[in-house]
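Labels run A, B, C and D following the written order; every chain starts at residue 1.
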Amino acid sequence: MTQMTYREAVRAGLREALQSDPRVILMGEDVGRYGGGFACSKGLLEEFGPERVRDTPLSESTFVGAGIGAALGGLRPIVEVMTVNFSLLALDQIVNNAATLRHMSGGQMSVPLVVRMATGAGRRVAAQHSNSFEGWYAHIPGIKVLTPATVRDARFMLAAALREPDPVFVFEHTMLYPVPGEVDEQAGPVDINRAAVRRAGKDVSLITYGGSLCKALQAAERLAADGIEAEVVDLRVLRPLDTSTVLELVARTHRAVVIDEGWRTGSFAAEISARIMEGGFYDLDGPVERVCSAEVPIPYAGHLEDAALPQVETIANTVREMFSHHG
Amino acid sequence: MADFVMPKLGADMSAGTLVAWHKKPGDVVRRGDIVAEVETDKGVIEVEIFTSGTIERLLIQPGESVPIGTALATVREEAAAMVGMPSATPKPPAPVKPAAPPTPPAPHVPTGEIGRVRISPSARELARKLEVDPSTVQGTGPRGAITREDIERAAAVRAAPAPAAPPLAADRLTRMRQTIAAAMTRSKREIPHYYLSTTIDMHHAMTWLTEENLKRPVTERLLYGVLLLKVVALALREVPELNAVWADGQVVTSQAIHVGVAISLRRCGLIAPALHDTDRQSLGELMGKFRDLVSRARAGSLRSSELSDPTITVTSLGEQGVETLYPIIYPPQVAIVGFGKVVERPWVADGQVVARPVITATLSADHRVSDGHRGGLFLAAVDRLLQEPSKL
Amino acid sequence: MNSSAVQERQSVERKHALTLLREMIRIRRFEEKCAELYSAGKIQGFLHLYIGEEAVAVGSLQALTPEDALVSTYREHGHALVRGLPAGAVMAEMYGKANGCCRGRGGSMHLFDVSRRFYGGNAIVGGGLPLAVGLALADKLQARPRVTACIFGDGAVAEGEFHESLNLAALWKLPVLFVCENNLYAMGTHLARHQAQTDISRKAAAYGLPGEAVDGMDVLAVEAATRGAVEAVRRGDGPYLLEARTYRFRAHSMYDAELYRSKEEVEHWKERDPITNFVARLRAGGLLSDLDLTEVETVVAAEIADAVAFAESGPWEPVEDLLKDVYTLVT
Amino acid sequence: MTPNDIRATVLRALGGVAPEADLKQIQPSVGFREQLDIDSMDFLNFVIGLHKELGVEIPERDYPKLSTLQGCMEYLTPLQDVQHRK
């Protein structure tokens, strides 16, 4: 087992991809000389050269569109959009071209493209750099959406994504990059369609993904002290969503709390709650609870940002509320 | 001969208005010539013709709006064969319900630990309130899940003696019970009842009835109940405000008199179907209809129309041994008449005390609509009419 | 040159000229039949006809080889036909039939034929330009001497993708031929009302690539200009912008009331009809007889009739296949 | 008609006015009113039922004799013999 940070795991994944397949190129804002907005591609330009590690002009729509074209042309491009906030400029290419071309052309072409972006809040960078839109992307048929929360997934999900014939979008939460973790380099590739139980527990299922996993795990620790055994479920993949595993787990705990940094209205947590209600209605001892961000542009000031985002104590209190016997 | 039809000029267009003709009958036209102008939402559009030939007749005048495909003019085609104009293509098949999008796979039926009951939350809450143990209840909901109705039935069964009736009838009964409950609660809440009663000498009526039945075959025999219905109907002609309904805060008197007859069903059910135009029917006709109503009520095959529009109701519990009853008005009606049993009583007639068969008649009426004075006149009329049975 | 060489050159010229003429007439008759079928309700939705701009498609695509790629826009029937998509497959696609080139899922604005490297129409104005840049990037990085041509209208010049794509292609010296079909109208907005600089070819200079304007009503002029441009691009000099100044004789899409232009203007441009002028020129040069013309019209009429029959007889895609090909592998 | 036929006819007529009753449980000597909760209208329909099946005209004064199954048997059997002998 080797010790590395989430950032180093991403970089190792990129290096392995570039080494193992000449068709792979890395394209995006400041991925080359600058070493990547979050330093995930530091050293790759020097190792693989400007042909395969290409800094792009700040033209999100066109370099994502060019990624699509290059994939049609036989390459296996990895396009980095520095943050999900900037990807809004490329949504037309993503929805109307990447996700649509195969079906609309009657199955004539595939778009083997991987797009990586940083997502989430917590870095005191205010509203325009702190959004979480992975739930939007998970709404689009024709693409896949991955949210690696552990260092191991950050290390190995990229390889699995590159094997997909259709577009795959990887969302890396900004707060995770410095987080250390264990990786077994020999463990080899991971799947990208199953959820995983990160902590066992029989009383309630805490269902989350990406940057909120660590908060859910801490909440579970605090609840254990109150005698409540909370299970923590890492979705890992938002599309396709591993609904059968979620239903299996909730059928045993009979209670579910979904933690999602998106805004509550129309959040991805709402979709998970709806699927539990549809598939597990008679297993529930109470309504599915959701812990999401406050419906506000994420503020700059630290105390306000913390108040806006889901926190460990909010998760724990939500669970305690479910177990309190009043009325 | 080919038709020049209103063309489809846009994705969202269903009809067009002819603005002007550019050709007249007898004009020769070539494929692509502008033949007319048509107004659409987007403005006036010059319309070309796709067949070459001569204009025969113009069928539509400027200013007329017609749906797409309507023939605007007839054209005698040029000899040259037209480039094969396709016949109508078959419409795409009515979309079979598309394969369902990959909604979440059929929910995995959890092995679930023993004792885990499939019960809806609202049913579980009701079970708690009615102290019913869900695990003893057989669920009729999806895949055996227990519903509110299952709990209600379990509670009802536990309270009432086990009726021999098959479960389906029980369902109907519960619903009937709910309907009666709702009507009675509303009546007591909304209608300010006043009650009047009077005792009536039935001697003339009963003797006339016995003689009358001797003359009639068994299939046309009368019961005294039908006399009571007829006198109530006739008395309403003298006090019409009792033959009315209360709707939207005001009284609506009814021209026709349809007396509803309360018929009790054996398992604590009750219905009050109407005998239409009671006042205008003969005793024989009334008896035939009344008999038919009762036997169909017993068999449960009453038509819903009959249940819908009595203008007043009569209920008699004589056979159950009741002397005087204080019935509750059936909303939206505004009165109800009750008759007790016929019983021999000492009665003063011409200064002498004699034994006479008597009956107690009561009226419950809506004080928003009528006052005791009018109620009294009504009962007096009933009494008077019963003294001359031959005139009924 | 001796007389036989002259004759030989003339006969080559005649054969080639007839090809250009037949292709233009083929597009013109195909589009006229589409108008008829649209008003009969056979073709649904939006239909953008190419009548008047035939010289651009026919002229510009001669210089491309089968290995080159073509990315088009929604006014694409002319491009698709010249690129080699069978008229039947295109017609059936507009009928929404399963024997259409995209099984009826794309329609008039989204024709694709990957076997002919025709990477489609695109109903998003400017949506195709980044794709063309990407295709060219893949060719460059895999050392394939291919050119990607990208055709778009003057409307696309107002989209960010136009500026971003020209810059990125020039920055990375990518083999892209940008062809702007300037028909003076972005739907209902004249060029002068949506561009401060109306000379589109000069915009190339801002991104460091050559730009040239050409008379889009003259098929020979378009062909000559495109051959030069493609040669430069194939040599590796980087991208090239060609602005073909042309005009559409029909509504933006079937049907609009053309409130934005006068009848006189349309009549003036019809005098420069690319087909009638080319016919006159060939006749003057003794390269075209009446017989040749009737023969072309007959051959084209037969092809169009077959295409309609092919579409009429085509099956509907079974509804059970609705979700097929949303993903390549069914997970 | 044999006594069994008469009995079957009486039970059939009773079933007409009390469709939900379990006729096999009828006790011969207990009044129909108590056992089956039937009222005067039902009884009239019962008498009409017997009239239709057996052609008998039962006067009102004889109603009390028909208030039990046994009573019906005793009342109706002689009438059936008379009709046969006619």
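Throughout what follows, a contact is a pair of C-beta atoms (placed from the backbone, for glycine too) under 8 Å apart; a residue touches a chain by one contact, two chains touch by 3 or more.
Just so you know, these numbers come straight off a predicted model, no measurement behind them.
No other pair of chains has as many C-beta pairs in contact as A-C.
For the pair chain B and chain C, the distance between mean C-alpha positions equals 67 Å. With each centre defined as the average position of its C-alpha atoms, the distance from chain A to chain D rounds to 84 Å. Between the Cα centres of chain A and chain B there is a gap of 57 Å. Rounded to a whole number, the gap between the C-alpha centres of chain A and chain C is 42 angstrom. The set of chain B residues touching two or more other chains comprises 102.
The multi-chain contact residues of chain A, meaning those touching 2 or more other chains, are 240.
Looking at chain D, no residue sits in touch with two or more other chains. Pairwise chain contacts in this structure: A-B, A-C, B-C, B-D.
Taken in their complex, chain A has these residues touching chain C: 23, 25, 51-52, 54, 56-57, 59, 61-75, 77, 92-93, 96-97, 101-110, 141-142, 165-166, 193, 240. Taken in their complex, chain B has these residues touching chain C: 7-11, 32, 40, 42-45, 47-48, 50, 68-69, 83-84, 86-87, 89, 92-93, 95-96, 98-99, 101-102. The part of chain C that touches chain B in the complex is made up of residues 32-33, 35-42, 44-46, 95-96, 251, 254-257, 259, 301, 304-305, 308-309, 312, 316, 319-320, 322-323.
Listed in rising order, the residues of chain B touching chain A in the complex are 102-105, 107-108, 110, 112, 116, 118-121, 145. Those residues of chain B lying in contact with chain D across their complex are 164-165, 210, 213-214, 217-219, 221, 223, 225, 266-267, 290-291, 294-295, 298-299, 319.
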